[in-house]
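Every chain is named by a letter (A, B, C and D) in the order it is written, and numbering of its residues begins at 1.
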Amino acid sequence: MTEQANRYRDIGRLLLSCRDRPGIVAAITRFLYEFGANIIHSDQHTLDPFGGQFFIRIEFFLPDLERREEEIRRAFSPVADTFEATWRLSIAERKKRLAIFASRADHALLELLWRIRNGDLYADVRMVISNHTNLEPMVASFGIPFHHVPISSETRRQAEEREWELMGGEIDLIVLARYMQILSPQFLERYRNRIINIHHSFLPAFVGADPYGAAYERGVKLIGATAHYATEELDAGPIIEQDVMRVDHSYSVADMRRIGRYVERAVLARAVDWHLQDRIIVFQNKTIVFV
Amino acid sequence: MTEQANRYRDIGRLLLSCRDRPGIVAAITRFLYEFGANIIHSDQHTLDPFGGQFFIRIEFFLPDLERREEEIRRAFSPVADTFEATWRLSIAERKKRLAIFASRADHALLELLWRIRNGDLYADVRMVISNHTNLEPMVASFGIPFHHVPISSETRRQAEEREWELMGGEIDLIVLARYMQILSPQFLERYRNRIINIHHSFLPAFVGADPYGAAYERGVKLIGATAHYATEELDAGPIIEQDVMRVDHSYSVADMRRIGRYVERAVLARAVDWHLQDRIIVFQNKTIVFV
Amino acid sequence: MTEQANRYRDIGRLLLSCRDRPGIVAAITRFLYEFGANIIHSDQHTLDPFGGQFFIRIEFFLPDLERREEEIRRAFSPVADTFEATWRLSIAERKKRLAIFASRADHALLELLWRIRNGDLYADVRMVISNHTNLEPMVASFGIPFHHVPISSETRRQAEEREWELMGGEIDLIVLARYMQILSPQFLERYRNRIINIHHSFLPAFVGADPYGAAYERGVKLIGATAHYATEELDAGPIIEQDVMRVDHSYSVADMRRIGRYVERAVLARAVDWHLQDRIIVFQNKTIVFV
Amino acid sequence: MTEQANRYRDIGRLLLSCRDRPGIVAAITRFLYEFGANIIHSDQHTLDPFGGQFFIRIEFFLPDLERREEEIRRAFSPVADTFEATWRLSIAERKKRLAIFASRADHALLELLWRIRNGDLYADVRMVISNHTNLEPMVASFGIPFHHVPISSETRRQAEEREWELMGGEIDLIVLARYMQILSPQFLERYRNRIINIHHSFLPAFVGADPYGAAYERGVKLIGATAHYATEELDAGPIIEQDVMRVDHSYSVADMRRIGRYVERAVLARAVDWHLQDRIIVFQNKTIVFV
């Protein structure tokens, strides 16, 4: 067993959401206590303290967690029902399986692969899929399968079927690491809130193609990047993370594109990390991120 | 009743620390639930997940909190004793009473007064004490009592007695807003962890006098400020908050001093805010800040 | 003579723009040398190194500058004509005269007044004009004339005439310090590139009213502020400076408004400072800021 | 010819330092003009405007620069002598030759190699030297020679001789990318101001070994990294660049070490970039960095 796995050994994460009312936290913490769990972190949020939507994320330590998982699920279900809550339980040690989609640019992909290899991101990259071939050697040097799936406007449907087949229902999260193709509504729907995209502007500014060109034209003094869950409407999905970098009049569009890569890769990596650690709840096209 | 007070109406804050063991969170949350409280925020920290020191801050809403305060304290005491915990309960609506000590510089003082008047800091400034007189008109324009207590090396003892008399045991927090005098160990001890100082460097770099001069000499590319609880050892107390600003070769010592004021005032204001909101626990010369 | 004035004593600033071609810098620096000037700073920018527009800002020391000003202007004019350049010469010691327009909010105004009093901004505030009266005492405490000019949709024209009369052609720069009224195209035209506005979003995101409300709705993770020269098209003038602050799901619209004031005041103060120091050239709805 | 080389084609950089006096800029710019050069950027700095040390960096375009290099040097020498100036002329297109020294950690090295491959750093990495072998495959995947030079306290002298032999007088810059060995004074002297080291703290705080451990003990709220030229006195050389990241009470030493890598690699890359672009002048153990 690796050191990484040990860090997450016997750690569970419970995420729950329901209408707010007194007693929810008491009920959950009592439940966990009676199972022998020790709470390590607890974060909560209420949209309106008086009757709004309530969200909680609890990280706990429970010996033999994996063996007892089903037992816990069965026992917790009626507790959650009392509050008409939606919830999920996640085993921290169980690595999420990733498919990373890329095109020609390597920076976002390399950053993810490096962080995963170093254990800063805890994930199992099952494959990289690209509509180009130039990244194959780099991906191979990490020992990860690379699949070339070329796409044209005529072959979009077949390409998505091919991608679907490659993933084989075994993928927990798709990361679009500067993947320059549009996904179909059907594809997006099947992976709702499980596809993270990086857009190279501080949304909602500069939606769509060539945001650096648009930023240059407007003469902004900051350029940014936004990681969000991909939805049918382009660049309009729930925002997970954003950051910016300072530019000035001396930056050409090419300069912005060049330095923008550094903020893109950092923002995407943070968003992926939070998803992998079950820190994100999506509610009404916004994210609650417990960090 | 003002809008500000309403925001804090019937909000309580419970801070507790003890050796970690399972069941603490369950016991506290059950206690609060049985009293009819609704938990709004909850943060916790454990120094070592397996048997280390445990810290928790819970913010809760409980109708009629002030009237029921004593009842809660009496009832909670045996619960806390079970865990051999130290704890405090704070009524959010009850403004903390401040004495601000200043010398000649106005920036840190003005920032605090402005934030308090705007309701960004929730406090009751009872007095400003200074060893100079130049700030009197500004303080007066805020309607706050100003006391001039001159200090020389011979009169330090009497000056501190005068300050003591002015405060009259009615002050919850002393803020040293660029107060350029050393306080005696006796004075510091009486207000242990209740005196916040702003030092104009990123500690532990540049302890002592003239940190900007020392920063200039070393040729650093960042200058900083540190808010900390004052202790007997100079600039060595528990750090609450720090921040930095970028400088380059073109900055003279005077330039650093000038721009440094902006980071000093921001860092001090954040530290004071966290203290006022009972977000800070001091443990072994370090702070746990629940933000 | 104050210390501030001494800092700027005998300092001149020459800003010039023309089509790029070899020899411009040599001609200007030779001209200054022959007049006995010593160049202190020099910044330049070319939109396209091969034949694009060229911009330069030179700061120089020349004994007896004010007395020799006209002589220099006359002598430099034919030099500039050789390059078909537009140019301006500014005497650093000569304080620019400001009119600050405000409404109810005090933060941006107070920041400017405080920085001016401390010498961090080098300007002469001739008056504060407001369509409300609440800020009068604060302005008075700085010893600055306050004029109340109420505005309604029917009286806009007369109000602007009144403002015009108050300023009497003696104002170099108008700062809109969260002034919540629209200025007429005629007014804006008369002060083209001499009216600085602070908008409470990172433009071009959230143009128009209630940007914090819109930011909340979209679920952004950064809020920002933008200082720009006011033009006829709302929030579309040349951007001078922008900055952002981090927010998360726990921020209400009111929270964003509250913390947003800190980034607004900082961004506005930097933009005003750069204008006062003749660091800004406007070209095709963008700014070149030499810092 | 690659796109990168084109960007630097016929671009020269002149760095000069002398006692300040009027006429220096005029003399240099006139010299360049008469050679047919067009000035692209010009930055200058004076330690004290009245008779202090003067520094200037001029970037210029001159057709056929490489062919005319010697001619320019010969012609400029008497001009510089007039001012008793020290100076250097650099041909931008000529890639600096790098040796990167590393130990076990890969992050700083990988960042440099990636930026060089992408053209964000313009350099020719001639070799990577390490006292360990684990980084060999990664270095090989970039097509760069890797040399394993083991070091113990007994073999330090021989190891340095071996390194010297490997570099063969053909290296312009040595980068210590988290190289965990001390270099001898003789070694350092031979590469004075041409060895860049990255130290994992914001110097002068936490000099020496285990800065993250020391930062944890002191309870700081920011951790940092410092790139500096290596000198005989440990961690005391001229600082080139520094940056920080926010931490809080929840960070263990291991967490600090983990996230610290991100600020280390960014700070080192910026410092190396500035050296490669001849933006740095060292004067009295401080750097003037023209950016």
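The rule we apply is simple: contacts are C-beta pairs under 8 Å (C-beta built on N, C-alpha and C of every residue); 3 or more make two chains touch, one makes a residue touch a chain.
Not measured: the values here are computed from a predicted model.
Between B-D and A-D, more C-beta contact pairs join the chains of B-D. Legend: contact pairs of C-D compared by residue number with A-B, B-C or A-C; the interface matching in over half of them is A-B. Per-chain Cα centroids separate chain B from chain D by 42 Å. With centres taken as mean Cα positions, chain D sits 37 Å from chain A. Among the residues of chain C, none is in touch with two or more other chains. For chain C in complex with chain B, the residues that touch the partner chain are 106-107, 110, 114, 118, 120, 137-138, 141, 258, 262, 266. In the complex of the two chains, the chain B residues touching chain D come out as 45, 202-206, 218-222, 224, 238-244, 248-250, 285-289, 291. Those residues of chain A lying in contact with chain B across their complex are 20-23, 25-26, 29-30, 32-33, 36-44, 46, 49, 61.
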